[in-house]
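The structure appears right after this line, and notes come after that.
Per-chain numbering from 1; labels A, B and C assigned in written order.
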Amino acid sequence: MASQYMLPHVQQPPSFHSTASQPRQHQWSPYTENGGVILGIAGKDYVIIAGDTRSSEGYSINTRTARKIFDVGSGIVLGVVGMSADGEELARKVARRIDDYKRNHDKHITVNAAAVMLSRILYAKRFFPYYCQPLLGGLDEDGVGAIYTYDYVGSFEREASRAFGAAASLITPFLDNQINLKNQFVPGTNGDEPRKPGDLPMDRVEKIVKDAFTSAVERHIEVGDGLQLVRVTRPPPREAMEDEEEVDEREKTAGGGVLTEVMSELKKD
Amino acid sequence: MSNPFTLNGGACLAMAGKDCVAIACDLRLGQQALTLSNNFPKVFNYGDVFLGLTGLATDVQTMHSLFRYKVNLYRLREEREIEPETMANLVSSTLYERRFGPYFVSPVVAGINQRTGKPFICGFDSIGCIDFAKDFIVSGTASDQLFGVAEGLWEPDLEPEDLFETVSQTLLNSLDRDALAGWGAHVYIITKDKVTKRLLKSRQD
Amino acid sequence: MRFQGILISNLQLCHATRLQARQAKLASSTFTNRNPLLTKNSSHLTINLHTPTSTDLTMDVLLGIRGKDFVLIATSKAFLHGITVVKHTDDKTRALNDHTLLAFSGEAGDTIQFAEFIQANTQLYTMRHSSDLPVSSVASFVRTELASSLRSRHPYTVNMLIGGYDVKKEQPELYWLDYLASSAEIPYAAHGYAQYYCLSILDAHYKKGMGVDEVVGLMKDCYEELKRRMPIDFKGLLVKVVDKDGIRELEGF
């Protein structure tokens, strides 16, 4: 099976009429698309980043257990979708740089600083970009949820919610409607007063995330198998932690983000 | 650049509920990125049956007049209104007649069978392959968005008013994420003995 | 009756000229007597909506504005052949009947051929029925003809505006039709590059129920913009009004 990922030494099948004197064309395509979808939602005191665990190439499924959301340290998570090799490499690089920061400055990096750093990492490869769309999440210095979204070459923006990947076009309008309450109005105002978004409780958002993925699985072939859901929440207050170990654990993370990961199945019919 | 299905833009959606169906469309007519008209409906009715047509605008108009002609002849010959199932087969065979030079439309049929009272919706590709669906049918340039939202919002056995809300929310939120469709919408809620048509305001960008 | 007879033969003449033109074209073209819209590409069919001489981005100006009880239609006076101005007093309109005006642009030859074919047939209708075909019906007729031409061996590539005054309904109507036979009744319309220059002006300043002076003012704004921004001199506009009294030309453009 010829992979889309053509290596330079792989020769094209010889043409029937080719002779040695004729010019031969070689091509090398360094990129491939591995499907999948991720989404991030920032709340008042939490962040949820979720992704499916299918990794595919064309119509073939490479694995059903590929994680797309990475713990990059200091209470920050990075979701990547696109070409999984580039995504994983990017996550490794970001994790390494966040660790360097901690060792050099003896403090944790903030999410907004990490966001700028990721932008620079991406732009550094402006002419041979990482073929992936990253989504960075964590709690900012005020403990408020932050999602940063990027394009391939480092343009970025802080947003409340965003879906990236193969089924982004399916999920995005659903999130507009259910998270940002677009096209919804306060009952009885005859469509004059739009409903104000914000302050959704985390369990409600998790339900919406699950619904979004269930819909995407139903209608997109590159999405499916498992759901990886990562929450970043505030830790319990310091007084509540008498245990020394627990305080140490607290110190390991930055603006106070605690990561929890939930793995679940996605529907299979 | 020259895909006939996306030249003029437009979107259509049909949903089934409890003893009711709904069909809705946007109102934009454009030429690539340029909007020419914001009053170009894509849902038509022939007696009790409703037909939504998205795709190349000229073919939308041609198909509309062709089906008006065919259904009128059917009515004269049979002395009764056409049923949605029959309409579906008429649309299918009409499109397949042009198998190797198709009309560039993606039709949607919706209606209630007047004899059995059963809701009926279905969709087609441009050469007439029928897609019978129990839940909903989408078509047009916003079809990805419509699939995503409809799959998330639709539930079985919706009453007419709830179906209206579901269809409208699905359509409006999908249109807002498609640059080629939007500029207002028409929504029809069809029960056995009543049809309600509503004009939806939406973003004008 | 004799009167009718003459005019029927007039129509036949029209058909005949059209046929001759077709045959001339066929003879000069290479052996690809296939609808250029449909190109068979190995196993699957593809469509080419853009003919080599792109018809939707022409420098020919067609503009139409519907007012309170009239329609204003403006066309550029330059007859273009590529970048060459061949004539500077061209009239890209044909009166179809007393209250209907057709403006056209597109592939040279096709335009006049198709416009005069439509003109002959609407005039024939007038003679036969002793009454004019209303604007909406003319537009519908033109659309049907163009739509059947679209899927024929050699489709016409003509963009049109049809402006008219419906005497029965006592209202003006303006139809926009492109060479694919998409049609829409709209308050103001343009074809070619003029779309990109003028539609935004019209979006901003058009109001429902404007009088002749206001609409003429609006048309002058469009004219000034076109003169300022168009890369070629289109030799001014030929402006015509259609209202309950018929069709007349306006000066000063």
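Heads up, the rule we're going with is that contacts are C-beta pairs under 8 Å (C-beta built on N, C-alpha and C of every residue); 3 or more make two chains touch, one makes a residue touch a chain.
Just so it is clear, the model here is predicted, and its values are computed rather than measured.
Distance between Cα centroids is largest for the pairing of chain C with A. Chain centroids computed from C-alpha atoms place B closest to the centre of all protein C-alpha atoms shown.
Chain geometry summary: the mean Cα position of chain B and that of chain C are 31 Å apart. Centre-to-centre separation between chain A and chain C, using Cα means, comes to 53 Å.
Centroid to centroid, with C-alpha atoms defining each point, chain A and chain B lie 36 Å apart.
The part of chain B that touches chain A in the complex is made up of residues 144-145, 147-149, 151-153, 169, 172-174, 176-177, 201-202. Chain contact summary for the complex, chain C toward chain B: residues 35, 38, 45, 47-50, 56, 143-144, 147, 150-151, 176, 178, 180-184, 186, 189, 195-196, 199. By the touch criterion stated above, chain B contacts chain C in their complex at residues 1-2, 4, 7-8, 29, 31, 34, 36-37, 39-40, 56-58, 61-62, 65, 100-102, 104.
Chain A contributes residues 167, 169-174, 176-178, 182-184, 191, 211-212, 214-216, 218-219 to its touches with chain B in the complex.
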